[in-house]
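Below you'll find the structures, each written out as C-alpha cells.
First chain A sits with chain B, and in the next complex the same chain sits with chain C.
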Partner chain A sequence: MASDTVMTRAPAAAQATGSEPVRPLLEAADLVKHFPIKSGLLGRSNAVVRAVDGVTFSLYPGETLGIVGESGCGKSTTARVLMNLIKPDSGNVLLNGRAPGTPELSLKAFRSQVQMVFQDSYASLNPRLTVEDSIAYGPTVHGVSGSDAVRRARRLLDRVGLDPRRFAGRYPHELSGGQRQRVNIARALALEPKVIILDEAVSALDKSVEAQVLNLLLDLKEEIGLTYIFISHDLEVVRFIANRVMVMYLGRVAEIGPTDALYTGGRHPYTTALLGSMLSMDPDERTMEAPLAGDPPNPIDPPPGCRFHTRCSFAESVCSAKTPVLTVSGTGHFTACHMVDPGSGHSKAAA
Partner chain B sequence: MNTMSDPILDIRGLTVTFGGGPKPVRALDGVDLALGRGEVIALLGESGSGKSVTLRSILRLHPPKRSRIEGSIKVEGIDVTSLEGRALESFRGKTVSMVFQEPMLAMDPVYTVGQQITEAVRNHEKISAADARARALEMLTLVRIPSPARRLAAHPHGMSGGMRQRAMTALALASKPRILRADEPTTALHAPVQVPILLLLRELQRELGLSMIFVTHDISVAVEVADRIAVMYAGRIVETGTVRDVIRTPRHPYTIGLLSTRAHGGRLEGHRLPAIPGSPPDLANLPPGCAFAPRCAIAADACRASVPEPIDLGSGHRVRCFRTAETVNKVAALAPAATS
Partner chain C sequence: MVQAVAPAMIDDATIERSPGYWSTVWRRFRRDPVAMIALGVIVLLILMAILAPYIAPHDPFRGATLRRLRPPGTPGYLLGTDELGRDMLSRLIYGARLSLFMGVTPVFLALFIGSAIGITAGYVGGIVNTLLMRTIDIIFAFPSVLLAIALSGAMGAGIVNGLISLTIVFIPPIARIAESVTTSVRSLDYVEAARASGAGALSIVRKHVLGNVLGPIFVYAMSLIAVSMILASGLSFLGLGVRPPEPEWGLMLNTLRTALYTQPMLCALPGIMIFITSISFNLLTDGLRSAMDIKA
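Up next, the complex of A and B:
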C-alpha cells in the first residue's frame, strides 16, 4: 500500500530541511473519504465520489507544505479531514503521534492546536459579532475569562495590522476583503495553535492586497513558530511561500517534495504539465500549446491503475493495470509514477 | 495594423454614477477607450476598478433608473447611448456579444446547449430551425468541443467547467458579432484548463477577425491575449499602451506596484514581497486628487490636489500621473516567471 512506503521513508523528508530526522507534527495515514451520491425516491446511494482515496503525508514542525492540484483533486476535502471537520472513512490523522478524539487528545485540545483559514473571508465570520467578539469567542470556549479573551483579541488585531481602537468594534461587513482575512487569521491565532491550514486563504483577494497578507503570514510564522498547510490553485504563490509541495490528482498524491526540486525537476508527468500551464508574463514568449489536454476524469469512476494515464503522453499498458506507489525520486522527493519506479515494467523505468 | 484612425468602438469621457445608496457612487470617471478593428484590448484592474462597469456600459446593461451615464459610446459610428427598444435589442448580441466568467450562471440550466444557441441565432436572423441547428453544430465544432453533435443535446450541468466555457463562447459567437467582450472568462478555471481556453479565444479572434475587449485582474492572462492593456484604478484608466510598453516600461506607480508585487520564482529566507500598502479607495468617498495618491510612495502635493490628465509618452503609451519623471526604469523583478 502506498502508505507503508511513505511512512517508513518519511523521516528522510525531514532531512531535506533540517539536519537530523525530525518527528512529524501532523501525520495523515492512508486517508480515505468517499461521498455517497444519493438518488432515487428512497435516497439509496449507488455510487461514490472518491474525493480522497489513500492520502498519506507528514507535516514537519516549522515548515509550510503547499498542496496544489486542479479542482476536484481532493485538496479541500483533505484539509477538512485533517481538521476533523469531516470524518474519514478510513485512515487516521495524528498530532504529535496522538489521534484526536481519543482520551489522550480530546477533539477540543486538537482544535486548539490546529486551526483553519478559509477562502471566503465573509462567510467564515459571524455577521452579528464584532470582529473583537469573533476573535475572543474561541478562547472563551476554551476557558479563558471574558476580559482576558477580549484583551487577547485586541492584541491579535494589532498584530495582524488592524488598529484595535479603529477596528475592534466593527462588524464584518464594515471591512474590506483583505481586512476580513486579517481578522480570520487573528481568530485562527487566538488559541495559540501550532498548525494553521490555509485553504485558498488569499485567492479571493486583489493582487495588491494578497501580497500584504502573504507577507503577514510569513512574519507570523517566523515570530510565533507556526507550521502551515497552504492550499492554493496559484502555483506562483505556492512556489513563493511553501518549503515543500504536494501535488494531488483525483484524490491521490501524485508527487511530494521540496519546492525547488519539484518546480525545477518534477518527475511526475502531471506535475510537469501542471507547472507547464503557468503563464510566462512575456509577450514574446506566449504559450503556444496547452501542456495538458482535456479535463480531469470524473472522480465517481476514476480510471484504473494510475489515475493520470488517460491524459498522460507516456502511458503504457502497465499504467492502466497497476497503481503506482510513491517512490523515492530525490532527497525527500517522492513520485507516484511507474517511470520512476525501477522494475515497474514501464519502458522508461530503470530496470 | 492601422486601425486607430477608424476604431470599431470609441468611448469618450464615459462617466457612470450609481444612485440608490446613501451616497452616489462614481464607478467610472472620464474613461476614454478606442478599440481598433481586429484588436484585442485587456482591461486590467482589481475589484471596484471599473473594468466590468465599462464592459456593461457598452451593452447598456445598467439599470436606467439608478445609473447616470455621461459621455459617448460609439460602435461603428452609432451612438449606443441613444439606442432604444428594438434597435438596442438587435444591437445586443448581434454587434456586440459577451462571454461571462461563470458559464453555469450565464446559461439557462433547463435548456440544452443546442436549444440555447439555436434560440440566440433565430432571435437575430430569419432562418429556419433546421438551419439554426446546423449553425449551432458549426459553432460547437468551431470551439473544438469533442463530439459536438452529441453535445448539442447536453445540459450545462452535464459538462465540465472547461467544456461549459467553450459552449458559452459558441453561444456568444453564434450571432456573428463584430465585437466580443470577455469578462474574466478563465478566472473560475484552474491553470491547466485556463490555458486551452485562452488559446481558443486567441485563435478564434484571429480566424474571425474579431475585435475583443478582455477584462481580467490577472496580468499574466492579459499578456497572453491582448495587443494593448488599459490599467484601471478607482474608475479611471491610469495607464494604457501596447502590452510590451505596459509590461516592460510601466510608468504609473500603480502599474509598477502591481508588477513588482507578483510572487514569482522561489523565495530566499527572510524575503518579503514588495506590497502596495493600504487598500483601494471607497468609490463613494474618492480623494480629491489622484485616487492612488494615498497608497503611492512618490505622491507629491500636486497629486493630492487635482486629478492628473493623461500624458502621452509616445506610440499611444498614455499615463495619468504627475510624477512620470520619477517613474522611468522603476520596474523590478520582471524576469519571466516560468520554471527555469
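Up next, the complex of A and C:
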C-alpha cells in the first residue's frame, strides 16, 4: 500500500492555511476487519467477509471527508472501526498521532473526542429515557455532575434548534425523524468532540428535513470548529457537504481526493461509473445507458488483483494479476488504478 | 430556527414533561376491566393473608372429633369442618399465607437470579453466553414438575427446601427470556451510542439495558406465579412441601381426599382457592402484557 505517501501529504483543502503541511487529526492506517462466517455445529469459521481490507486515510482538522460507495463496500464497518466499537484485525487508528487504548490516550478520552451519529434515529435513542437524559448521559459518564449535564443537554437542544422547554422532557417516540436526529447530534456534541462521524445520518430523512439538518451540521461545524466524516450513499449530498471524498469499493479505497477534482475528473473507472449514476438536472446531459450493471462481487471471496476488474470496461490481464496501489493523480488526489500508475503495465497507463 | 432562549433561565418547572413509560402502562392497564378485577382479587387475597388472625372466625388448628367433616353451611362453621373437625373457612383464610408465600417467593428469587444470569450472558455474549446458557439448558431439559419433586425429595420435605427446589425450577425459563431480550437490546444503536460515549459495561447495563429488559422479564415471571402456586400445592399434596398441621391449600387438598365421596363440596374448596388465585395471576399478567405492548 502507498500508505506513507497518502498519510504524509496534506490535501489541498487542508493546506489552504499555508504551505507548511497540516498535521492530520485522525489517521487510519491499513485498517483490516474480516468477519468470520460461522457455520456448522461447532461454529468453525471457514470463510470470512472482507468488510474492510486495508483502508488508509487521514482526516485533517476542520474538513469534511465524505465516504461514498455501494452498499456493502465497508463504509459503516470503517466508521465502527474508527470509533473503536469494533476492534480491527490489524492496522490502527491514531488521534493526533496517538493510538486510543494506550497510556497517552485512554479509550474513554478518545471517545470523548470522536463521536458518532447513526442512521436509525429511533434505534439510537433509548426509548425509556427522556431526550435530555439521553443527551446528558455521555457527560455524566465523563464525570460531569447530573445537574450540570442536564443543563448542558438543554443548552444543546436549544443549539440544535429544539426548544428545550418543549422537547427536553419528551420521549423519542414522540418526536419526528428530523427532531430525533437533531437530538442525536446534540448527544454527539455533549462530549465536546473534535470529530463527528456521521454514518448515513441524514439518509433516512425527508428531503426538506435533510436539508435543514445538513445546514445545521454546517453551522455547527463553523461555530464549534468540528471535523466531520460524512458517510453516505447519496452522492449529491456528499458533494454539497464534503471538502474531500473517499470512494470505497469492496472494503478498499478506490480513490480519494478533493470533492471538485473527484466529481469533475475522477480517475478511477469505478468513481466515474458511480458518479455517472447521479441524475443530471440538465436534460441535455441525460444518460441513455446504465453506467454500471450488476452488483458488487461477494466480499467473502473478492476477485484477485483490482477488485473492480470484473465490472470494469478497461480491465486487462494486469488488473486481475496485481493489486493497484493508491497513486498520486493530482493535488491531494490519489487513485488506486493501474491506468494511473505509470509503471503498472496497463496499456492505458501513461508510460 | 434557533430560539433566543437564555439557557440558564430554563427552570425545571417550565419544561413540558411527557408521562413516563410506566405511568402510560398503568393508564392503559386501568382501562382493562378483566385485569383490574384480577388485580382486585389478588389484593383481596393478600389482605386476607395479612389480616388472617382478625378475620378468621376460629382457630385453624383446633379440631374436635365430634364435628368432623360437616358440610358447608353448618351454623357457626360457614364452610364446614375438615377431617379433624377444624373450621374450613379459618383454614382457607390462614392457608392463603403459606400458599401465596410458596407461590410468589420462588418466582421472585428466580427472577433475581435468573435475570442476573440471563442479562450477563446476553450482554457479555461469546463464550460466557455459551457456558451459562448451556448449563441452564441442562436444568431446563427436565420437566418442571419432575424436577421440583426430585429436588424436594432429595433435600427432604419442608418449606425452605420446597422454596429452594421451586426457585431452581424457575431460574432456567427466566434466564432464557432475560438472555434473549438482552441480546436483542444489546445490538441496538443506543447501546452502541452509549459505548461510543465511553461508558463502561456496568453503567450501560444499569442505565440502558435494565430499563428495557426488566419489563418483559417481569411479565414473564408474573405468569410463572400461577404455575409456582400449583407446583407448591402439588409438593404439599405429595407430602414434600408444607407439613401438617399447617394450613396450606395443596396440603388441605391432600388430607381431605379421604372424604371425597362423603363431602365432595368440602374437598373442592382448597382447589377452588388455588384455581381463583392462579387464574387471577394469569389474567393480571395478560392485562399487564397488553398494557406494556405500546406501539411507538
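The rule is simple: the second predicted complex is superposed on the first by the 330 of 351 C-alpha atoms of A that agree within 3 Å, B and C clash if a C-alpha of one lies under 4 Å from a C-alpha of the other, contacts with A are read in each partner's own complex, and residues count from 1 in each chain.
Assume contacts are C-beta pairs under 8 Å (C-beta built on N, C-alpha and C of every residue); 3 or more make two chains touch, one makes a residue touch a chain.
All of these numbers come straight from a predicted model, not from anything done at the bench.
A.B. asks: One more residue to check, A:Met281. First (chain B), second (chain C), both or neither?
C.D. replies: A:Met281 sits against chain B, while chain C stays out of touch.
A.B. asks: With both complexes overlaid on chain A, does A:Arg239 touch chain B (first), chain C (second), both or neither?
C.D. replies: Touch partner of A:Arg239: chain B, not chain C.
A.B. asks: Quick one: classify A:Val209 as touching chain B (first), chain C (second), both or neither.
C.D. replies: It touches chain B, and chain C stays clear.
A.B. asks: Using the touch definition from the top, say if A:Ser71 reaches chain B (first), chain C (second), both or neither.
C.D. replies: Only chain B; A:Ser71 stays clear of chain C.
A.B. asks: What is the contact status of A:Tyr263 with respect to chain B (first) and chain C (second): first, second, both, or neither?
C.D. replies: In the superposed model, A:Tyr263 contacts chain B only, not chain C.
A.B. asks: Once the two structures are fitted together, what part of chain A is touched by chain B and by chain C alike?
C.D. replies: 212
A.B. asks: Quick check on the complex: what are the chain A residues that touch chain C?
C.D. replies: For this pair, the touching residues of chain A are 80, 83, 85, 107-112, 115-116, 118, 120, 122-130, 132, 134, 137-138, 141-142, 151, 154-155, 158-159, 161, 163-166, 168-174, 184, 187, 191, 212, 216.
A.B. asks: Mind pulling up the chain A residues that touch chain B in the complex?
C.D. replies: 70-71, 176-179, 206-212, 214-215, 218-219, 233, 235-237, 239-241, 259-260, 263-264, 273-293, 295
A.B. asks: Can you tell me which positions in chain B touch chain A when the two form their complex?
C.D. replies: My answer: residues 46-47, 160-163, 190-196, 198-199, 217-221, 223-224, 243-244, 247, 257-258, 261-267, 272-277, 279-280, 295, 334, 336-340.
A.B. asks: Within their complex, state which residues of chain C touch chain A.
C.D. replies: 1-3, 5, 7-8, 10, 14-18, 20-21, 188-190, 192-200, 203, 207-208, 211-212, 296
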